[in-house]
Structures are given as structure tokens and as C-alpha cells.
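Residue numbering begins at 1 within each chain, and the chains themselves are lettered A, B, C and D in the order written.
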Amino acid sequence: MKDIKNLKLAYIGGGSKQWARIFMNDLALDEDMCGTIYLYDIDNEAAKLNKEIGNKIASHKDCKSKWKYEVSKTIDEALMGADFVIISILPGTFKEMHSDVHEPEKYGIYQPVGDTTGPGGVLRAMRTVPIYEYFAKKIKEICPESYVINFTNPMAICVKTLYDVFPEIKAFGCCHEVFNTQDFLCAVLKETLNIEVKRREIYTNVIGINHFTWIDKATYKDINIMSLLDEFLDRYYESGYSVKGDVDAYKTNPFAYSNRVKMDLYKRYGALGAAGDRHLVEFLNNNWYLKDKKKIEEWKFNLTSVDFRINRMEQRIKDTIELANGTKEIELKQSSEEAVDLMKAILGLSTMVSNVNLPNVGQIKDLPKGAIVETNALFTHNQIVPLYAGKLNDEAHNLVLRNLINQEGLYEAIKARDLNKIFNIFVNQPLCSTLTIKDAKELFKSMVFNTQKYLGDYYSIFSYYNQ
Amino acid sequence: MKDIKNLKLAYIGGGSKQWARIFMNDLALDEDMCGTIYLYDIDNEAAKLNKEIGNKIASHKDCKSKWKYEVSKTIDEALMGADFVIISILPGTFKEMHSDVHEPEKYGIYQPVGDTTGPGGVLRAMRTVPIYEYFAKKIKEICPESYVINFTNPMAICVKTLYDVFPEIKAFGCCHEVFNTQDFLCAVLKETLNIEVKRREIYTNVIGINHFTWIDKATYKDINIMSLLDEFLDRYYESGYSVKGDVDAYKTNPFAYSNRVKMDLYKRYGALGAAGDRHLVEFLNNNWYLKDKKKIEEWKFNLTSVDFRINRMEQRIKDTIELANGTKEIELKQSSEEAVDLMKAILGLSTMVSNVNLPNVGQIKDLPKGAIVETNALFTHNQIVPLYAGKLNDEAHNLVLRNLINQEGLYEAIKARDLNKIFNIFVNQPLCSTLTIKDAKELFKSMVFNTQKYLGDYYSIFSYYNQ
Amino acid sequence: MKDIKNLKLAYIGGGSKQWARIFMNDLALDEDMCGTIYLYDIDNEAAKLNKEIGNKIASHKDCKSKWKYEVSKTIDEALMGADFVIISILPGTFKEMHSDVHEPEKYGIYQPVGDTTGPGGVLRAMRTVPIYEYFAKKIKEICPESYVINFTNPMAICVKTLYDVFPEIKAFGCCHEVFNTQDFLCAVLKETLNIEVKRREIYTNVIGINHFTWIDKATYKDINIMSLLDEFLDRYYESGYSVKGDVDAYKTNPFAYSNRVKMDLYKRYGALGAAGDRHLVEFLNNNWYLKDKKKIEEWKFNLTSVDFRINRMEQRIKDTIELANGTKEIELKQSSEEAVDLMKAILGLSTMVSNVNLPNVGQIKDLPKGAIVETNALFTHNQIVPLYAGKLNDEAHNLVLRNLINQEGLYEAIKARDLNKIFNIFVNQPLCSTLTIKDAKELFKSMVFNTQKYLGDYYSIFSYYNQ
Amino acid sequence: MKDIKNLKLAYIGGGSKQWARIFMNDLALDEDMCGTIYLYDIDNEAAKLNKEIGNKIASHKDCKSKWKYEVSKTIDEALMGADFVIISILPGTFKEMHSDVHEPEKYGIYQPVGDTTGPGGVLRAMRTVPIYEYFAKKIKEICPESYVINFTNPMAICVKTLYDVFPEIKAFGCCHEVFNTQDFLCAVLKETLNIEVKRREIYTNVIGINHFTWIDKATYKDINIMSLLDEFLDRYYESGYSVKGDVDAYKTNPFAYSNRVKMDLYKRYGALGAAGDRHLVEFLNNNWYLKDKKKIEEWKFNLTSVDFRINRMEQRIKDTIELANGTKEIELKQSSEEAVDLMKAILGLSTMVSNVNLPNVGQIKDLPKGAIVETNALFTHNQIVPLYAGKLNDEAHNLVLRNLINQEGLYEAIKARDLNKIFNIFVNQPLCSTLTIKDAKELFKSMVFNTQKYLGDYYSIFSYYNQ
């Protein structure tokens, strides 16, 4: 039996300035588990800074457990003997992300995020799959019994790669987008029936694919929360509604949204999109909610420019250095993430239901087996057991299916390193609905060209261009 | 045992000026079967004219069998005791077809045919399903053991309706589009290997849905005809190729096409679209091959305007009257249609393989069971047995799947008479890819308005407009 | 929202001398729920006695909640407005059960229980299905939203009938056999690693059909309990092992068993039969563990004669009267049953995992959809969600599959009231493996004859005999 | 394109004294194909004799085509460049077959054939699979494009091995048992309606597994032949019926049968077993039709003792030598086998439907994909396309399913060379229904012991015995 006071964690992408920090905090504020975390990153310096910060967090007065941070020079060293492997990386740099997100704008395609689907998602997947093939091989070789928790996007493609390369892997993908929709449903309960509960006090049936997840059943005791939505929409459909209070936050905050898209989808399809509006719109024809900036403004969400991300990162780097050298003080704060709770459930300390990304074994009816889907699963005693989610109503199901076949087809095309096949998927993206084949080809070629630094080892780019 | 010299056929839509005539000819030139044909049509006068013509054909000197034509005043009378029921109707009039085909042009959507899919297909289906529900009920009640052969479009929706209302029905849908592609493959064999054969001498694996059917295997003896396509495309991809000789016929003949789309699809997807180019393009994003008239010209096919159809019909009516009253002489000519041959095979006079539209029992892998698909089947001794067609390569399969889920979803939405659901399918049509939701709604409403005469009995149009 | 202090429960079979009493106790000792229980029984007097006892329990000093007991004269009255419907009936009397269990002994077929499968199970099912068809219709008509909890055997056939007649029913079947196997696994943990835990502290994957359920994964924290079985078997395979201590109890107690069959199945099939040995053997060829009384003695379990049951019932009736009239004092005692906990979870008071009988929606891979299977499900907030159980190893799976196709086939044959079809299933029972067709027919006819009082309304017995 | 006047055939088991001879005859009497046949056999002398005979046949005055016979010393030489590979071998010798067939008699298990299923089938499969694994590897390596026709039993296990080792193989298994049942149905047509036709003039739906195949639909023109069976059974159920005339032939001819079992199965299950009665009974509980010799006599079929086979073989060897050295004259005679016709259809000379053994791709509904089943397929132009056979009625389906899961499980267990798993399948055979586990183990061990010469290289027999 494992000694939960002496666990070993490997953190791939351990130089992360955001996720790693949140995770460190949550670990510190949990009192059950202790152990050592091995940070591995291709940016070794960043890992070193995080080690400093990690150890400072671990020795903070409010820390409830004992954790030690180490930097691993090689991935092998990090993985050796790991009980859990956390993966959270950026495939490429902001330069590539800039091309992913903004190059398509030249053809009238706006992407609020651009990391999961649409043209940006395709290119990012092309960079990510080869890296994850490598991770999967390493895990198979070094720590096949470890649990692997993925946070990287494109989520589904990452999890698919892990399972395709190493089918026995104990991997799953975590995403908090659903949590926000659960908060939204709690708000519905509050606004209509004046019942105030937390999201973990209701039960929602989660069904779909990552970032295009849906909720079709939501209950609190015997109350059908879905049935309250019509009344809620009567009041908030036009104005929008923000769980955090400020419905106009989207005007200044590039991550904010007012749930107008979510409510519109409910109106049209009778099921609730369970991700941020910024994500949901990327799975639909581009002329639906992203035709132009005016339309986007009307739907009350925002595009996240990569320049904004760059600026934010610069600030974060500054913070990181200050936190590492002690100039800036550490404050422990629990996040709303669930990774630490899920780990505890896996260790047998609790039983817990949460939404995760896993291969479909039938948890969603009438979707292909083996495709990566997001639904609820039970976490407990060394087991992760999918809960049966059923099937969305036909029309919403078909929207998901269309994107799922793109998602799975994209993985197969990338696995084959076949640029023609990848292009067939690219042009089939809902976000590319308005493109001519000629424009699509031009755009695809530019995006490949812009990011070739991370593609050249894997794809025959040169011969493709000379086709 | 049936007396094949005394069969009874019911022809629903028996006033038809085209299909009925072809069928009468083919019957006359077959020497095995004889009997009586009961023509039923809501246009009783048209049926009467066809009766005249039919009986003239039957008494033509070249006629090899004995057939008698009668007009049935009621559908019940026509169906009573029928061995075979032929259905070939026009749901609505050219006025409605005009709206189906041309109204979307106001929004930049061009449809070469507009009777199967796309906005026109959706509206036509809305008119057709209620009629076919009625036919199915009548057949179930009056002649449940009859074989029912459908020629009406939208083919798949018609066949779906028949089976959904009366699951034990012995119905199938016949379409000659695949034949032309088989002729095209014979041309490939001729042009590359100088082997000259007829289409029935090769074997093709037919797989897909009506008018978006594909061929992924084609053999003549042990020759893989598909492997000859690259060489053929080297020569004809740019210029186009017409089986009938004149590659520029499309300039004047609104039904002509040069197979450039078919060849392009093969280039992109590695399988051959097995229908006329005019049909194939309607299942793809409108900006791919139908962006504007210039594009259409480049791909060397033509749009068939409804005005053209109206003019042609006027000529046909004239001909009909002249044929009926003997002013114009009857010429017997065998068509390339297979309905008569299929009937003979069902009667046990031969064994024959042909492509037909039937519910999927597994003949296409990984498509939903019960959906109407088009593949080969064996016809023999009172049995129609689907042949296993397998699955197209992933990317072509996905194109079919996207359209199939629209097709099946459309049927369900119409069955429910739910205009909101129908609109969800409408806006999800590949031909509507460039529409905003607002424009799509506007267009849908106009098309419903234009054709309300044939919809009002079934749908709550008024309340939909006041939503 | 429901008022959990004012629930309405319908108890069909409310005159029960065993289950009803246990349930009353468990309700009394729970502090969250209150309400009224309507007892309905064809034996109205028995229901009245239970009402007396129920109200005495409810006014007992240790009772933690307020419950009121009423007798319903009609099933309609009991069901009207019910939040939960409990069904626990005896189809027929001990006279019929006597034939079920003992008539086959004349042909060398011994049945320790005889209420689920084998010849006795078939006959009992024949009496039960018509009754459950009636229940299902009543529930559909009167309280379609109620949760229905079944305790009657043959469990799977009962649940199947409910769902087949009323597919939207919220029914599930509860059985405690798995609990005992979980206790057994806790004993394994104790005996091998000296870790002492309760059954709810481990997680087991439950998979199979009622009374022929299996456990193929069992974990406590990260310990694989299954991997401890070899060591455990080394010590206890020969001697047997009883969770309750006395391994020889089977010599006097007709319900006792020593788990030798369970351990033998594990040895042979690598998975653990998760029901009492008395049940497990009934799903296997009769010459395996039930060849004769000597064999049964060797495997250290016992046959439960119906005479024993009759004697026990007489004692219970005596007790009942004494409890009802106050001669005998009531003692409140919590059972190990989970029905009350499951009800609370459904009401949203907790989240809970338990094994239940439900139609297969995919929770067991490669078993027919719609067949009744037993696996884990999550109970929470008005939802019962099956957990994915996967598939047993091929050989154990095949044993289950063989019995499942009998189970489902039996239901269909009974539904059709077709005695020939029922016989085909009868002779296909593993317990009938040694019968000739002639003997099987003779036995079947006798058993039908013996129990005709409860069959005559439904089956054409007379014409069957004169075949 | 292949030169059909210069084909290359490889005949594995080319020393065969029966099948090879029939095949040589059929080839000689066909006028379309010519070429060379390479005979390979581990008994090289036998192959040489067949070469002599083959060449004599080829130069016979009635021979219509040119064939040359050669002996290959190695399998590689035979396979190199082969257009078709014929496999027809005896795995082991009559000594092993003697154990397969007669050892179980000591335990009351009678097997009329003992080469497909039951205890004999299991042991024979154990010898055969390793040989076929070798064949499959060789074919994959040397002639992956060849068509492979299997005649060896256990048919399904042989075909399974070929496809499992080399999934792209173009293999199929041919069996004539169905032909006899088709003749039987022609007799039904003759006896009831006085219509005289040949078996190829009717259409039958073939469905099941080899030697336990069924026919559930049979039509001649629009006549449902199945509907005539009741009348036919009224006359012949008691007496039996032989297509060849002498219903009592079974008394002296160990291969004869009177179709009483077939008719009884139809009576009980509503579908017609489509193999010889001797085969059908082996898939059913041994007490049904094989309880003892008296029972067998009543059902009017016979057991084929291996001594009889040995005697027959001695006569055949004598004949072979005489034919080879010219003492005995060659007579050309067309058989009723279809192998030559199927080859011609594959070469594109005709289109033909016949029953074959192939992996299930869905041709039988609700049976596992990949399992080897026997149904109709279309043979034409380098393609073998399964025809959809649907599903037998539930009860007959379940009989097939039970045997199919044994069949597939047996293959997996042999593939794993796991004697414990093989025993689990052994004891699960319907023919072993009456065995205790102890007796079954004893019997299995004896049979393994008896045939160890052919098993020792593959299985850990020694360690199994010392378990």
C-alpha cells in the first residue's frame, strides 16, 4: 500500500507560471498527502524558479502538509517511480500561438481562444501530438502504473495520443470549464427559486467533448433545474448574465463573457452548452456568433488576443522572480480546481464524481468507441469509472458528432503525418465554413509556414509546398 | 405462385410525363412479364392521357408482351392486389420548386438541382413526408405484401418515411446516378488500358447516401480500376471528361457536367463520388464548388433553372397530347433504367445485383442502423438482400456521415412537424455554411411562406411566424 | 420540491412477514425522512397486521422519525401520489414453490433455491410476469414519476417486465447477495494483510446478472484485493470459509454455505462469483456442483427445502400476530439492507454507489442492450446513473452470456405466452443439462400441471397438453 | 490482368486421397482455366502419386483444359506466385482421430464425426491451430495477394487462425453441407407442389456457423418453401426422408442420415438445420440426440467409426497406386463441389452466390464481429462480398450463439496455449453436458495424453499434468 505521506509526483511542464502555482497552493492546503514533486521543463530555468517558489509555499505557515520540490534534468528522472504525472505544457511559444489565433483573421475567421478547434486548434494539435507521443512512450517505459493528469490543450487530442500510444495508460484530462456552467446553474436556482447552493451540491449530467461539453440534466434534490431555464432566460437572455456579477466585464476583460451564447444555444437546442461562451462558439459555423467584431460585441464576449497573453506573461515572469527571491510575499489560496481532490479519491481517501476526458467506452451512446469524450466519472480506490451519460437530443448530438469526427479524424491525420489529410479536416472545421478551398489552402499553408519551426521534424512540409 | 403473365402493377403518379413513359417502354420491350397497370394520379386527366399512350405502346408492333393500362380513380383501387407499386410523384408544383431552387440564390446559395438536400431539399422534404406517410399507411392497409419501388426525390426521405410508418414494407428506392459513374469507370478502363466493356461487366462497390453515393472499389476481372484513375486524371482533370463525348455540353445543356467535381473529390478524398457533379456539390460547403456563377463555370457544370424545367414540361405536355391522340407516332426504345430487370429478378426470373436505397442493417459499417443508405443489393426469388459495402476511408466517410445525420434528423423533425427543429437542420446544411443565423431564419421563413399552400395542413406555420 | 418530512410510500406485498418488517425498522432508525406508508396486499389481513406492527414500530421510543402506516384496499389507492413504490411479493404460494423446487428432484435436478433460474426459476417466472405486467400498467397510469424498488424474485425477469411494459419507468432491483461477497473480500483483506475494514470502505466492480453476479476488480486504497485471493485460497479452499464464523453451519442451516463454490469458480475462471454459493450453482451445468447430495455435501452448502420454509413461515405468522397484538415486544434493529439509504440518495440527501438491476445501456460491454444486468450505479439527486463495468474475462463472460440469453429469451417467450418457446428455454437451462428431451418435456408438463392454478388465466395449458 | 490460361495453384495437403482427386476432376472438366498445380504435402510420396494421377487426368480424352501437376518439396515453392492456395489437410493421423472420436465414448459421449466441435473438435483444433498459424505466416510472407480456399476441419477455427494471423488475407472456407440441405428443400418442393428444380434454382438464406448452419428463408420464385415444411413433416417426420432415396441407408452407411434430426429441429425451433444430421447433433446437449446407441438408431443416423475410415483409406491408397501406375483407369466425373466455379467467379468470368465461412462483418446480426460465420457471399471480379443474412429467430439464434462463443473462446485459448482455458471451453461443450468436472478433467487429460505427439511442441503438457 502506498504511503500517502511520501508520494512522488512528476510535473511535466514544471516551469509553468500559472497552473503549477495553483496546484502548489492546493497541495499545500490539503492535509492528507505529503511527498516530493519533481519539476521537469524544457525551460530548466523556469523549473528552478518554481522549485524555489514551491519550497517557499511548502514552508509557509499556513501550509498543512509537507512537500518538497525538486528539479529533474531529464524526463526519465522525473517519471521514475512517480505515483502521479501532471502534464501542463505550452506546445510552441506565443509566436506560434499568434499565428494560430490571428492569421485566420485575415480571412475573416475570428477565434476567441484558438487552442482547441478551428484553424488554430488544428495547427496547435500538429505541434502537440508528436510531443505527447513521446510522453506516452516514456510513461509506458518508465512508470506504466502512474496516474497521468493532463491539463494541456487541445485536451482531447492530448488524451487521445496518450491512449493510442499506450492503451493501458491510466490517464485522464481535467478541465474546469464545466464548473463555471455548474455555477451558472446554481445562479439559476438562486434567481428563480431563491435556493442558494454550491455547485457540488447539485448533480449535472455532463456530456460532449472538451470545450464543447453540454449539460442536459441538472437536479438539486428532486428539482429539475433545466426546467427553470425558460424563466431565467425571460429575464436574462437579452442582457446576459454573469456569475461573477459584472455582465459587462467582457468589455475590458478578454476572458469574460455574459453567457448569452450559452443561453441562445439552450433556446435553439434545448440543452446547455457547458463551457465558456468563448469556447462554445469555436465549434460552430463562423458566421453564427463570430461573423465580425460587431456580432461578437452583440453576443457579449471577447476575443483574447495573443498580445494580451504576452503582456500578462511578462507580468507573471516578473512576479515569479519576485516570489522566488522573496521580494514578493507568498499568499496561500485554495483554487476551485479539483486535481488535488481527484488524486485523493484515487488514493482511496474519498469517493468523488467529476467531469473528465476519457476514451468513450459507451458512456456516451451513439458516439464512436475510443473517441475522447468528456463526461462524469467516479474516482475512488485506485479506480476511475465512467458514468453513463446517455445521448444528447438528436440535434445537439449532431453538433457534437460533427466536431468529434473532426477531432478524431485530425488525430489520425496527424498520426499519419499526412498534410493532405490534415487539410481535409482543416477545411471541414465549422470555423472554416465560409472559406473557399483555395483560400483555405492558402491559409493552411501560411499557418504551417509560420509555425514550421515546430513542425519541420515531423511533417514533409517542403514536399507539401511543392505539390 | 404468381402468374407472371398476369401481374398487377399500381403506378402512383401515373400522370407522369417522363418516368412513366420510360417505364412503359421498358415493360413493352421485355418479353417475360404481362399484366395490367393501374395509373393513379391526383391529376386524373394526366393519368388518362398516359393510359391512352400506354395502350398504344402495348399494341405497338415491336411490343413483346401484353400490358393493359387502366386509370384508377382512387389510390385504394390502384393498390388493391398490386404485385408491384411504383411511386413517382412531384410533391407540389413548379411554383414550389421555383422557390426551393431560386429563393436561396438571394442569399448567394446556388443549387443545381435543389430537390434532395440543401435549403431546397429541406422544403421539398417538408411537402413530401406527409404524402408518403399517407402512401405508407395505404400500402400497409391494402397491399402489405407488394413490392414498392420509389423514384421520387428526396429519395432517402421518401424511403425513410415508408419504412418508419410501415417497417415490414418491401420498399426500395431506385436511382440511375450510379450508372453514369459506372459508365465513367468503363471510360477510364478504355482510355487507360484500351479495354472496352459495358457497366454491367464491371463490379463496383457502391456506398453512401442517395445522390452523395461513392465508389471506393471497382474491378474488372482482377484489374483494380481505381488504380487507373491517377493516370486518367493526369489527362482529364483540367479539361474535364464527358462519357457522352461533348465535354462542353454543360454550356448549353443544364443537365450536363464534365466530371471535374467528381475527379476533384477523388483527388482530395481518394474515393469517387458516384453521382452527377450537379448532385455531389449540393452536399458540400457552398463556397467549395458553388460560390458564384464564375466558379460553377470553372468546374464545368450547370445550374438547372426551374424556368427551363417549365419550358421542357410544356413541350412534354404537347408531346403527350399528340402521342395520346395519335398525331405523333410512338417509338419503342429501351432505356438504361433497371426497374423492369429488378422486378423480374424479384419474380425469380434472374439473379441481379444493383444499387438501391434501403435502411441500413449494417451494409455500411459505422453508420446508424435504420438510416437510409445506398449500396448494392442482390435481387432474386422474392428477396432483396443487401451486400456488405464496408466503410469509406475516414475522411470521405465523415462527409457522408455529416449529411446522413442531417438527412435522418430532417426526417425526425418533419415527422414531429416541429419547425424549430427543421430550422436547426436547415441551418446545418453544408449549402447554408455561409449564412448567419438571422439570414438563415429569414430565408427559411420566406421559403415556408412561398410554399405554404402545401404545408399549411401539416405545420403550425402561423404560430411559428409569431414566435 | 418534495417535502421529505411528508413522503408517500406504496408497499405492494405489504403483508410480507420478512422484507416489510426489515424495511419498517430501517425507516424508523433513519432520522431524515418521514411520511406515510400504504400497505397493499392481496392478503388484506396480513397487510392489516403489518399496519399494526408498523405503527407500533413508529411509536417505539428508539424511533427517530415519524411514519404512519395505512392499509390500501386497492392497488390504485396505494399508488396514487406515491413517491416510492416498494414491490416484494410471493408469486403463488408455498405449494407452487414446492413444485418448483422439488419436482425436478425426481429427475435428479437439485435446486438449493429454485426461484431465479433452472426449472424452478422458469415456472416461477411464468407466474410472475403476468402480475408484473399488471403492476407496470398501473404504475404507468397512476404514478409514472414514482421510483419503483423491486425485491421480488426472479429479480431480472421482474425488472425486465416493468421496463418492457413501461420503458420510462424509474425502477430498479435491489439484492443483497453482493454485500456478502464484499464482506468476504473484507475477510480476505483481514486474513492476508490484517487490514480490517467494512464493505463500504472498499470498491468492487460488480458485473453480471442477478444471483450470477461477479466481482472482477476489488480495491482498497491502492491495494488490489483480487491479487490476495490466491494466498487466501491456499488456506481456505479445502476447508471453506464463512464470513460469519462457523464454516460448518451449512450442516444445519439450510441457507448457509462455506464459499467453496465461489473459491472454485475463482480458481477456474479468475473472477469471483458474487452471490451465495446456493445461487451460483444454479447457473451452471447440474453435474458440476449439484450432481447428488453427496456432491453438495462436499461443496459444503445446503439445499433449502420448501418444508423448511413452510415451518419458518408458521413461526413468523405466530410472531406477527404477537407483535401486532403487543404480546411480543418490538425491538428496533438496523439491517444491512440499503433500500432506505438509496431512497435518501435519490432524494438528494447523499450520493451513494450500490449494485442494482437495470436494463443494460452499455454498463456491461458486449452484452445485449436492454437486457437486465446487475452492476454498480450512482444514486443522487433524483438520478440513478449506471457506472461502466466493462466486461468479464472471456470465459466468465460466456458463462454469464449463456444465462443471460436464457433469461431474456424466457421473458420473450412468457410475454408471448408461448409454451413451446418456454419449453425451448426450459430445456436449455444449465440445470437441465442432463435431461433428455423426453424427460424434460415430462418434467415441464408436470410442473405446469402442479402450478396451473396460477397459469391457467394466461397460458393455453389445455391445448398444449393435447399437442 | 491475369492470364487465365496460365494460372498457378498451390495445393497444401496435395497428397490428399479424396478432395484433391475431386478437385482435379472438376478442373479438368472446366474449359475456361488452365495452368499449373503445385502439390505440397508433408507426405511427399502421396503428393508424387497425386502428381501422376493429376497428369493422367489432364491428358484424359475428356479433359477440356490444360493443367500440369508438379510436386513442391517446400511450402515456399508451392506458394510462390500462387493465384490460388487450396488447403485440405489432416491434422495428425487416424490414431489421433481415433482418440478424438472414441475416447469420449468411455464417458458416454458419442460423436458421429468428432472433427468440428465437442471433445473431439477441441482436441483436433489444438493440433490444427499451430499448423494454420504457420500457413498464415507463410502466405503473408510469400503470396499475400493469393486467394486461399480452406477445406480442412475444424473449418471455422482454421479460417479464424488465418485471419487472426494475417487480417488482410483473402481466405474463405468452403463446405458442401449446405448443398445437401438445399437438395432437401428441392425435394420438399417436389413432394408438396410437384415442382422439380435444382438447388441452384432456389434461393436460401444461409446463416450460422460451419456444420451448425441454418436456413430460415427459402424461396423459389415467389413461393416460400419454408411454409411447405409442415405438410412435408406430416408425411416424413416419423419415417425420415433421404434425398438420395434410401431412408434406411444409415443402417449400413456410416455417413448416411434420414433428416429426422433436421426435421425435429425445425419442429422445435422453426428454422431448418442446414448440415447433415450427424453434424447438427454435435452442437447440442449430448442427451438430446446422442444419449446412447438406441437413441441414435431411433433418430436414424449413424456414427462414423474411425476404424471404418481406416479401412476406407486403405482401399483408397490401393486405388491411388493403381490409378497412378495406370492399372486402374481414370474416369472423369464432375462433382457437386463449387470450388472451381468460385475460382472462376473470382477471376471475373461469372457472378455467383454461395455459402462461405468468413469473419462476421455484420452479415449476421447480433453475433460478435470477427467471429467466423457461414452465410452467403457474392463472388465476382476479384471480390467476395458477404450478403446480409439477418438474424435467426431468438431461440435458434441462441443455440448458435452458445456454440459460437465456445468456438471463438476455443481459438483464443489455443492461441494462448493455455490448457486451463481450453479445458474451460471443453467442459462447456454441449456434448459434455452430462460430465462432472472431475470426469471432464480426466477425459480431457486422456485425450491430450493420447495425442501428445502433435501437441508437445506447443503446449506445456507436462506442467499441466503436474498441476
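Going forward, contacts are C-beta pairs under 8 Å (C-beta built on N, C-alpha and C of every residue); 3 or more make two chains touch, one makes a residue touch a chain.
Just so we're clear, the structure is a prediction, and the values are computed from it rather than from any experiment.
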{"item": "Where subunit C and subunit D overlap in contact partners, by chain label", "value": "none"}
{"item": "Any chain in contact with subunit B as well as subunit D", "value": "none"}
{"item": "Centroid-based (C-alpha) most distant chain relative to subunit D", "value": "A"}
{"item": "Interchain centroid distance [CA atoms averaged], subunit A/subunit C, Å", "value": "44"}
{"item": "Inter-centroid spacing, subunit D versus subunit A (mean Cα positions, whole Å)", "value": "56"}
{"item": "Touch-based graph of the chains, sorted into line, ring, star, complete or other", "value": "ring"}
{"item": "Chains touching one another, given as label pairs in label order", "value": "A-B, A-C, B-D, C-D"}
{"item": "Residues on subunit C engaged by subunit D in the complex (per definition of touch)", "value": "268-269, 285, 287-288, 291, 295, 366, 368, 394-395, 398-399, 401-402, 405-406, 409, 412-413, 420-421, 424-425, 427-428, 433-437"}
{"item": "Residues on subunit B engaged by subunit D in the complex (per definition of touch)", "value": "1-2, 202-203, 205, 217, 219-224, 347-349, 351, 353, 361-363, 365, 376, 378, 380-383, 385-388, 390"}
